[in-house]
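What follows is a pair of complexes built around chain A, which joins chain B in one and chain C in the other.
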Partner chain A sequence: MFSYCTDPSQLEGLTWLSCYLTTGKHAGLYVSVFTVLLLLAVTAPTALVFGFAGASAARSRIAPLRWLGKSYTAIVRGVPDIAFFLFFVIALDQGFEWLRHQVKCPDWTDPIRQGNDFVVCDAAKLPLSTAPQWIHESYAFVLAVLTFAIVFGAFAANVLYGGMRAVPRAQLETAEAYGMTPRQTFWRILVPQMWIYALPGLSNLWMVLIKATPLLFLLGIEDIVYWARELGGTKNAKFTDYPHGDWRIWYFLFLLVFYLAFTRVSEIVLERLTVRLSRGQATAAGEKLRKEVQA
Partner chain B sequence: MKKLILGTAALALTAGMAFADTVRMGTEGAYAPWNFVNDAGEIDGFERELGDELCKRAGLTCEWVKNDWDSIIPNLVSGNYDTIIAGMSITDERDEVIDFTQPYTPPDPSAYVALSADVDLEGGVVTAQANTIQAAFIAEKGWTLVEFATPEETVAAVRNGEADAVLADKSFLDTVVGDGLVMLERMEAIGGGVGMGLRESDGELRGKFDAAIQSMKDDGSLNELIAKWEVSSQW
Partner chain C sequence: MSCLETIQDYALRSIGIGERLLPKGDYTLCEHFTLIGSGMIWNIYFGVMALGFGFFFAVALAVGKASNNRWIRKPAEWFIFIFRGSPLFIQFFFAYFLFLSLKQVHPVFDPFTAAWLGALIVLFMNTAAYSGEIFYGALRSIPKGDNEAADAYGLTGWMRFRRIQFPTMMRLAWPAYTNEAIFLFHATTLVFFSAFPAWRQKGDALYYASYFADKTFNPFIPYPILAFYFILLTLVIVGLFGLVNKRLNRHLPQERRSKMRFRPNIIR
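Our next item is the complex of A and B:
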């Protein structure tokens, strides 16, 4: 990185550290921080969509839709996250490849399952084995987002379902009295008011999601915990210009600070969101806000 | 005529694409000197150099992929990469699930590293990386075994007293001795040499790599690489 970094063994103190912290390997750590943040930024809204769809389905008047919504939350919430991550992602990936295989290689005669092997034609590989590594990594990332969204969507569905049921019945009755259709009642009265009841549960989920990101490594994505372990491990002078002992404790300390800071920021944001959503609500917090405005 | 030329060109192009095979090489990247991540963040080591040379000789384009040791076989079998080149010893147990090329390093004894030379292995706690021949060996002996997911953690466990000794490939332990850690005299003859792992259905690719390894054995370049990285005894 810096011109003086050519022979780190001659350097000391901060100069050495500035070289050490800017190696290509450390860039991996910094990139992974963004990977984690990006994952959260994409997964949270996606999971919310899954949750909203699940909750809406679960309270639908159409029976098969209701069964679908209820079994989604029941099954996904019941399976341990790790089992889900290990099994589901491989199954999902193979499912995609199987579908592509059926479309792209109809003439293929060999069996797809050969003993332990899962063999599809080259054109059906996802991504193609000729694709550059970054496409493979993006694909793995998309699979990760999808898996996280399905898992956390199931929990969110239950939270939102509860939120929908917590909206005072009088509100919906009034809407009906005004002649609103069930659809209008749902979108104009129920949905805007349910968030305040769902927020405590959703904020819990968000916190759990932040802490669940190290599961990424199970999906073959190099997250910050992987890099912290890799960078912190003992480094022999034979294989690196920056030999050091077991420094994992310092890297994990960095992770601790990172996660604590991140959850603290989340708490502050969620706090503000609660105040904002309480406005005009028939809850104790909403009542308090009304009094403050009057005073 | 124009259509014909275009058609031929398209055919030639697609055929060309089919020939320009990319072989994805899966490795762990945490087992110096065999394979590790260097300062630049790239995979480096004996197997990196060996793999690149083998691909050159076999006329293949190779791409390196890092994968956790624990899931390295399942991900090969489900097609996320095409080979395992990660210091994997050829064993009957693994051979049932995947296929191996001929070994590129001869079978070498495994060694122990401990804090002192007079450690009691039978009565003590011995550590090894999970899913390795060493772990299987200790389990078979009936000694107390503690497994870890990465080689680094097994050595750390000996340093902080969680385990009395670590059993691993001698070439790996050579890189960690010193600074309080000593290698025991006792060695264990386990394993059948290290080879590349491939899917059982990939006979053609295996043939290519087999031939490339043979040619490197014949012209002595494999021995040179082994000597350079000090991974094992020579052929």
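Our next item is the complex of A and C:
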């Protein structure tokens, strides 16, 4: 990258390091940091939507919908989340291919499961075998996002359900007394007020989500764990201009510090958000804020 | 091959007893159940050992974090922050490569690169940090009156902790600690998916489940079986911890006993 990097074997100390850390391969590591941030940015709202749907379903007056919502939230308890990750990535992929197979090749007669193989017609393959590499990579990423959203949606549904139940009953009764329909009560009274009750759970969930991002590696994405293993391994002088021993421990130390810093920053931001959302709420924190303003 | 033979061959496969080669070709349901169940031995081993040793360390951490002496408080706070603030997955990787480098320094560190010891140490520290935070929270919520009563009786130091603070701390922390125990058992499935090698294909339940899923390309059989085993394990943990909870609360009047929550939180 720098002009003095043309012959790394002549370099020493910090100059060597500056050249080493700016090689093309290291760019992969830096890009993958953004992959993690992108995953968080996409997954968090998606999981919230899943969670909101799940929590609303669990409160529904229609019994089958309620059962659906309740079993969705219940199913993540008792089973390790990593098992879900491994399961959903294959299951979703096969589900999509099966659906496309039904639509695109209706006159296919062979069974789809042949022994240990899963066979769909070529037109139903996802992504198509002729598709360029970046489509394959983004398809894997989309699958990972969906998997994360399903699992964390169930967590979020549980939190939001608790938040909805924590809204004081009197608030809803007042809404009814004003002649609001159940739908109006839900959207105008319940939803705006539930967030402050759900926030402690949601911030906890955000922390868990951050700490689950390295599992992307298991879903076959080239994420930071992949690059740390790749770049840290022993490099022979024959194949690279920057030979070094086994440095994986340093790369993982860097990841450890990265995640620690990330959680710490999140903690501070979420604390501020809690104060912001407490404004005008009928909670102890909200009452405290009100008194501070008056004083 | 009958199911009984399969059980004989593979029930203890995960610890190296029985058939050396894993089953091939068309896998029967019996093989799925036996091998994944065999892997559960590792999950239970890691969970029980880490919880057992971690408990004492966690109590020490909680007391340390509540200490007035900053030379004791700061290390405890940092330990808890580091282990709770970073992903367990990265901790496994880091520890493995750390032990790998130490191995080159001295052969004493040889066993640390194997999962049974290396991963156990990581899990032990991890659960100690999480439980330490739980116990610390409980220690701070001990009713003021309890401590004042201890003062009135002239109890100090170790006796005061042993007789007054510790039992109440346990009683208050127990539901949350049950939750932590469940999550620790779930976390044990990560061991063989991080850097620690499953030597001679001796792995845990998830290792075998994903082995089957990879071979048959059918996730709908092995993972539900794994889920079945884990739900069973969770129920056993809730049951056992419920018994302890009952004992911890035995002196309280019936209606004030904190009921064991059979719907534990789903977030660690």
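Keep in mind that, in the parts below, the second predicted complex is superposed on the first by the 290 of 295 C-alpha atoms of A that agree within 3 Å, B and C clash if a C-alpha of one lies under 4 Å from a C-alpha of the other, contacts with A are read in each partner's own complex, and residues count from 1 in each chain.
Rule of thumb we're sticking to: a residue touches a chain if its C-beta (ideal position, glycine included) is under 8 Å from a C-beta of that chain, and two chains touch if they have at least 3 such contacts.
If you're wondering where the values come from, they're calculated on a predicted model, not measured in any experiment.
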| item | value |
| --- | --- |
| Partner chain(s) touched by A:78 [first = chain B, second = chain C, both, neither] | second |
| Partner chain in contact with A:24 - chain B first, chain C second, else both or neither | first |
| Touched partner set for A:125, first chain B, second chain C, both or neither | first |
| First (chain B), second (chain C), both or neither touched by A:236 | first |
| Chain B versus chain C as contact partner of A:136, first or second or both or neither | first |
| Touched partner set for A:246, first chain B, second chain C, both or neither | both |
| Touched partner set for A:90, first chain B, second chain C, both or neither | both |
| Chain B and chain C contact sites that coincide on chain A, given as residue numbers | 86, 90, 94, 115-118, 217-218, 229, 246, 248 |
| Complex contact set, residues of chain B against chain A | 17-18, 20-24, 29-30, 32-33, 36-42, 44-45, 63, 65-68, 71, 74-75, 77-80, 82, 97-98, 150, 152, 155-156, 159, 175-176, 179, 199-201 |
| List of chain A residues in touch with chain B within their complex | 23-28, 86, 90, 93-94, 97, 114-120, 122, 125, 129-130, 132-133, 136, 217-218, 220, 222, 229-230, 233-234, 236, 238-242, 245-246, 248 |
| Residue ranges of chain A in contact with chain C within the complex | 73, 76-83, 86-87, 90-91, 94, 113, 115-118, 154-155, 158-159, 201, 204-205, 208, 210-215, 217-218, 225, 228-229, 232, 246, 248-249, 252-253, 255-256, 259-260, 263-264 |
| Chain C - residues contacting chain A, complex | 26, 81-82, 85-91, 93-94, 97-98, 100-101, 182, 186-187, 189-190, 193, 206, 209-210, 213, 215-220, 223, 226-227, 230-231, 234-235, 263-264, 266-268 |
